[in-house]
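Quick heads-up: structures coming right below.
In what follows, chain A forms one complex with chain B and a second complex with chain C.
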Partner chain A sequence: MSRLDINKTYKLYIGGKFPRTESGRYYAVNNSKGNLIANMCLASRKDFRNAVVVARKAQPAWAGMTALNKGQVLYRIAEMLEGRKEQFIAELIAQGSSTKAAQEEVNSSIDRLVYYAGWSDKYLQFFSTVNPVSSSHFNFSKLEPVGVVSIIAPENNSLLGLVSMIAPAIVGGNTVIVLASESKPLTAISLAEVLNSSDVPGGVVNILTGNKDELYSHMASHMDVNSIIYFGNNADYIKSISEFASNNIKRTVFYKNDDLSNDFYESPYAIEKTQELKTTWHPTDI
Partner chain B sequence: MHPNLNNLPVYDTTGVNERIAKFCSRSIKKSSKNEGLKLAISMIDLTTLEGKDTKGKVQQLCYKAIHPHDSLKDIPTVAAICVYPSYVGVAKKALEGSKINVASVATAFPSGQSNLEVKLYDTKFALDQGADEIDMVISRGEFLAGNYNFVFDEIATIKEACGETHLKVILETGELDTLDNVRKASEIAMYAGADFIKTSTGKIQPAATLPVTYVMLDAIKDYYLKTGKMIGMKPAGGISTSKIALQYLVMLNEVLGEKWMNNKYFRFGASSLLNDILMQLVKAETGMYQSPYYFSKD
Partner chain C sequence: MQKNENKNMFKASWTYDKAPESTDHVQIKKEYELYINGKFTKPVKGKYFDTINPSTNKKIASVAEATSEDVDIAVKAARKAFKGWSSLSGKERGKYIFRIARLIQERAREFAVIESLDGGKPIKESRDIDIPLAANHFFYYAGWADKLEYAFPNRKPEPLGVVGQIIPWNFPLLMAAWKLAPALATGNTVVLKPAETTPLTALKLAEIIHDSGIPKGVVNIITGAGETGASIVNHPDVDKIAFTGSTGVGKYISNAVAGTNKSVTLELGGKGANIIFEDAAIDQAVEGIVNAIFYNQGHVCCAGSRLFIQESVADVVIQKLKDRMETLIVGDPLDKNTDVGAINSKKQLQIIENYIKIGINEGGDIYQSSCNLPKSGNWCAPTLFLNVSQSHKIVQEEIFGPVLAVQTFRTISEVIEKANNTPYGLSAGVWTNNGAKIFHLTERLEAGVIWANTFNKFDAASPFGGYKESGYGREGGMQGLNPYVKFD
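Here is the complex of A and B:
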């Protein structure tokens, strides 16, 4: 007797749990031949709102963890991903990648996580400064995480793109809510399973699958979000995100270059994008 | 009049939960939701009951009560401020000229572990300071030991001391264990002269829950049918979101009806609920989800 197929139910990832969308909606993802590969949750703005609440709650404790500890957690994600390579390669292939491209993408994703894990205890001294001032003050500047970051992930390179957006944001002490690639969302939810078993505290990374048109304005306008990263070239989105973001002076980050092997996506400057510079004047000679 | 405690309805938890689930699944249209949220604000007893309370904290809270969020138009003020007896005078002064009442907890709140003399003095002190409403606690130990007369007499004595002043009786349902006990305690409180029955002090978990409130509303309904007297209801503790507040209002409307849908007969004992409602109202106006960061705490 042949076995029945056991297909995975892809759900959302919010606050370290895997809930279905509160809206009960879903959308079909097909491969290039038009065959159904999975039904995904079609997240609603309320799912996004719920994710912001848990991300906000998780942020202070995550930022308060030592640099060493945060680095270890990122390295742990890479380790877990390494152990589940085959699954990710299979999913990338199902979503249209060639075998070679899929293997390369998984390897680059793992390497990128290790890269940012290494920066965990270094970026602060790299960007922080002691500033010369003419008064009796010891004046210094250091980076602090902006807080809660919403991310609209790349449509292609559904794994490497996701990792390249998430890793620099969280290594800097932020918590994130990511809207995964709409047409290639499988790897995002599988990455959530990796995150969930990698000592990443619940709420630090939250992953939604759904429709960009429906969600992007809420991701840009939510007053409790401190920064928004948009990866893509839609000029209307960029204009509209900028306008919404101005309401609470969100830090906006627009990535237009879709070549993820570009140096920029693997550099400490990507961490700096979601940081605020704080300058302190400390009186001396008194 | 005395309650007949031998002939009370028995509550089946599964049945109550099923009924509650129905209240929680009502779909409420946007305009009704906004009306409901404003009504909820007008029913709040804005509360601070902490050992670390100070004169300044209470004054701030009173200011918040009068000015919930000035950039929003047509927002009602809350019903009352709820404080410890020692801050009644401060609150009274800070609220001068507004229609907001000052409620004071009394009778050795929150445990109620003292003798009647001390409890009476506590109550009288709050009244002397100008309290418009008294929130007393029942002696849960005596209740659980079956000394119902003791509990009844104590409430009746405090009510006598209160005179015309509104008396809310806190059952502390988190310590009563069963829904049947909640019903029993509600009966005792109403017959002993309570104007309001209230779920919790907020110091014990679980505090207010929908099932417990349902049982108390049911008791209020039966009491009304028997005596024609309307008793008020105050769930308190743990009600911190607009969504839950609306669920309570749906339940209130369906169990007791429109006559109870005002702050003369229904209150929320809460501290963080107000800001959550304000955030929802601003969201409805602007279309943008709000952050607690932009709303004054007190």
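Here is the complex of A and C:
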């Protein structure tokens, strides 16, 4: 018996909701045979700005959750992803991966989430210091989230790349607005569904699909964004992002090494990239 | 101007005798050249500028003005020295840096006097803070040179190469130490430029660096103004720029290096909030307020220039603050009793005076201490403004002078919101005897350095640097190594 499939409508993920782009625009994603897989939302500057508003609003409460709790939320994402493996493998294959590569990518993504879940209540211990100053003060330095982070996700490895950018940023208490792989956006929106059912508070991760050329400058220039991560090698983007970022001394992070199996992408140093260091002094003499 | 009824109570019937620090043992040459490749060399274009004593506006010495040609020669010398210096064992590198620390200690008094002559800061500050801290900084990082792998577990730190360092005029020698010590410990070579109004202690430091026997070209110290700095920033063979100065210039630098392989760290401006709760030790807090804003004439990027007093104690704190301001001795930087010295330059005095005008025009109530200011030189009486709010320019913008903007608040959440309502994020202060309140605040204030029941404290082991538009990167402490290393 043949049965007509129910196709999914892919939308954006902003503030824990799945709105269509306010612009009403779309772009078609085809498979290698040229057949339509999905019409994706072509997110606008306004969608991005809306996402910044909800990300800013969500940030203090997310950062204020206990480290243990944040770790459990990340672990929960891994659990949800594990349960929906087949869907993600199918999407990756539809976007051009081989079966083997798709399986590996999904497994690595789940394991990477578990890896960062485990850092949640440890990275502060790793990077923080008590500083032996030469006066009678107690002095210590600890990391704090930089705040709201724009992420331009890897174009390839549309799932592992996404997870590798999002997990270290949010485990450190930041909230993010991610522009998904333009050519392979399906997994990003499906990951949003996973996030939405994983106790991740709305607004902590916001995912847009759309055109990099159109959106990257806004992601770099928005005055209420504290940091921007760009994964890629486009020299014009890097120059232009740096220039826009200088307007509010935004922290820029450029990942030019596209090998996601590199040790760095699974290390506490990736968490440190979107952290600030705060030093506190207090007298000890009475 | 408001009258202070109690002011006479605090004016002793006796006055302080003059207590000037002797300048006899200080050696200042008439003319200073550029320190490049281990030699003092004349600038290519042969141009010199005057460095001025801001307390008299008289010339102290002529100083070479480095042009882009000199910058190029200095960068080439640093590049040539890099291979040898970076491949030297950490132990040996550290020993040179230890030597520099010791040589500064040996000549500390001479450096203190020159710092006060050239920059206008009170001798008690240059003697007790600037110079010893500079020596400590070299001492601290010297010890890191052979232990770097312990600072970065599971990674292999490598030096960046040639580092261009541009430093400000408010802590001339100390900023040179903050920049040089970690750069050298990690194996980089350096071209450093002090500010044009305060070049002398950096040039004296060049003498010490020379005496330390450090290989030629490892440290190059060149003098000049903004154009010289721009030549360093834009030189293609510089791997990193470390800058301390205004947020405006910081934005220029980060824009200028966009698209290059240069890395950057920036320590920029601030508008620090200093928050006094009703349960604070009020007298200590008043001392803290004075230290936060009048230390070094307010030429401090992390100055507590926005004061927030809880409403219930506002009257008493303001009265005590005014009384305390009356006792501040403003005058000769070389006098050991001086609390507030000379404004660093005519230009800076104009900027400060302009902000004071703006404050008055915008309706703030000004109060200035009634001290007698010397006739010649650049001076500004300790100043505060009452009845100002978040929208006032003097509340929003960095003045970099002895001018305090005072506001009041009722609740904790209100003061957190006000304190964070600024593009800057360098420092903040909290005064209360309630421990939980301290940590509630310090967790929520967006600033890189938080002083609780203290203010304006610095240490080589303590990381310093800002959030938001106050810059990025840290100086001091283990984390102060990060800006000078790279990894595979």
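Definition applied: the second predicted complex is superposed on the first by the 284 of 286 C-alpha atoms of A that agree within 3 Å, B and C clash if a C-alpha of one lies under 4 Å from a C-alpha of the other, contacts with A are read in each partner's own complex, and residues count from 1 in each chain.
Note that in this section a residue touches a chain if its C-beta (ideal position, glycine included) is under 8 Å from a C-beta of that chain, and two chains touch if they have at least 3 such contacts.
All values derive from a computational prediction rather than experimental measurement.
*Asks:* Just chain B (first), just chain C (second), both, or neither: which does A:Ser221 touch?
*Replies:* first
*Asks:* Look at A:His282 in the shared chain and tell me whether it touches chain B only, chain C only, both, or neither; answer first, second, both or neither.
*Replies:* second
*Asks:* Taking the superposition on A as described, I'd like to know which of chain B and chain C A:His137 touches: first, second, both or neither.
*Replies:* second
*Asks:* Taking the superposition on A as described, I'd like to know which of chain B and chain C A:Arg112 touches: first, second, both or neither.
*Replies:* neither
*Asks:* Touching A:Arg49, do we find chain B (first), chain C (second), both, or neither?
*Replies:* A:Arg49 contacts chain B only, not chain C.
*Asks:* Touching A:Lys273, do we find chain B (first), chain C (second), both, or neither?
*Replies:* Neither chain B nor chain C is touched by A:Lys273.
*Asks:* Determine, for the superposed model, which of the two partners chain B and chain C contacts more residues of chain A.
*Replies:* Residues of chain A touched, chain B against chain C: more for C.
*Asks:* Is there a shared patch on chain A that both chain B and chain C touch, and which residues make it up?
*Replies:* 247-248
*Asks:* Which residues of chain B touch chain A once you look at their complex with the stated criterion?
*Replies:* Residues 287-294 of chain B touch chain A in their complex.
*Asks:* So in the complex, the part of chain C that touches chain A is made up of which residues?
*Replies:* 136, 153-155, 247, 250-252, 254-255, 257-259, 266, 268, 423, 438, 442, 447-454, 457, 459-465, 467-472, 474, 477-479, 487
*Asks:* Note which residues of chain A are touching chain C in the complex, please.
*Replies:* On the chain A side, the touching residues are 126, 129, 131-135, 137, 139, 141, 226, 235, 238-243, 245-249, 251, 263-264, 267, 269, 276-283.
*Asks:* Within the complex, which stretch of chain A touches chain B?
*Replies:* Residues 45, 49, 52, 218, 221-224, 244, 247-248 of chain A touch chain B in their complex.
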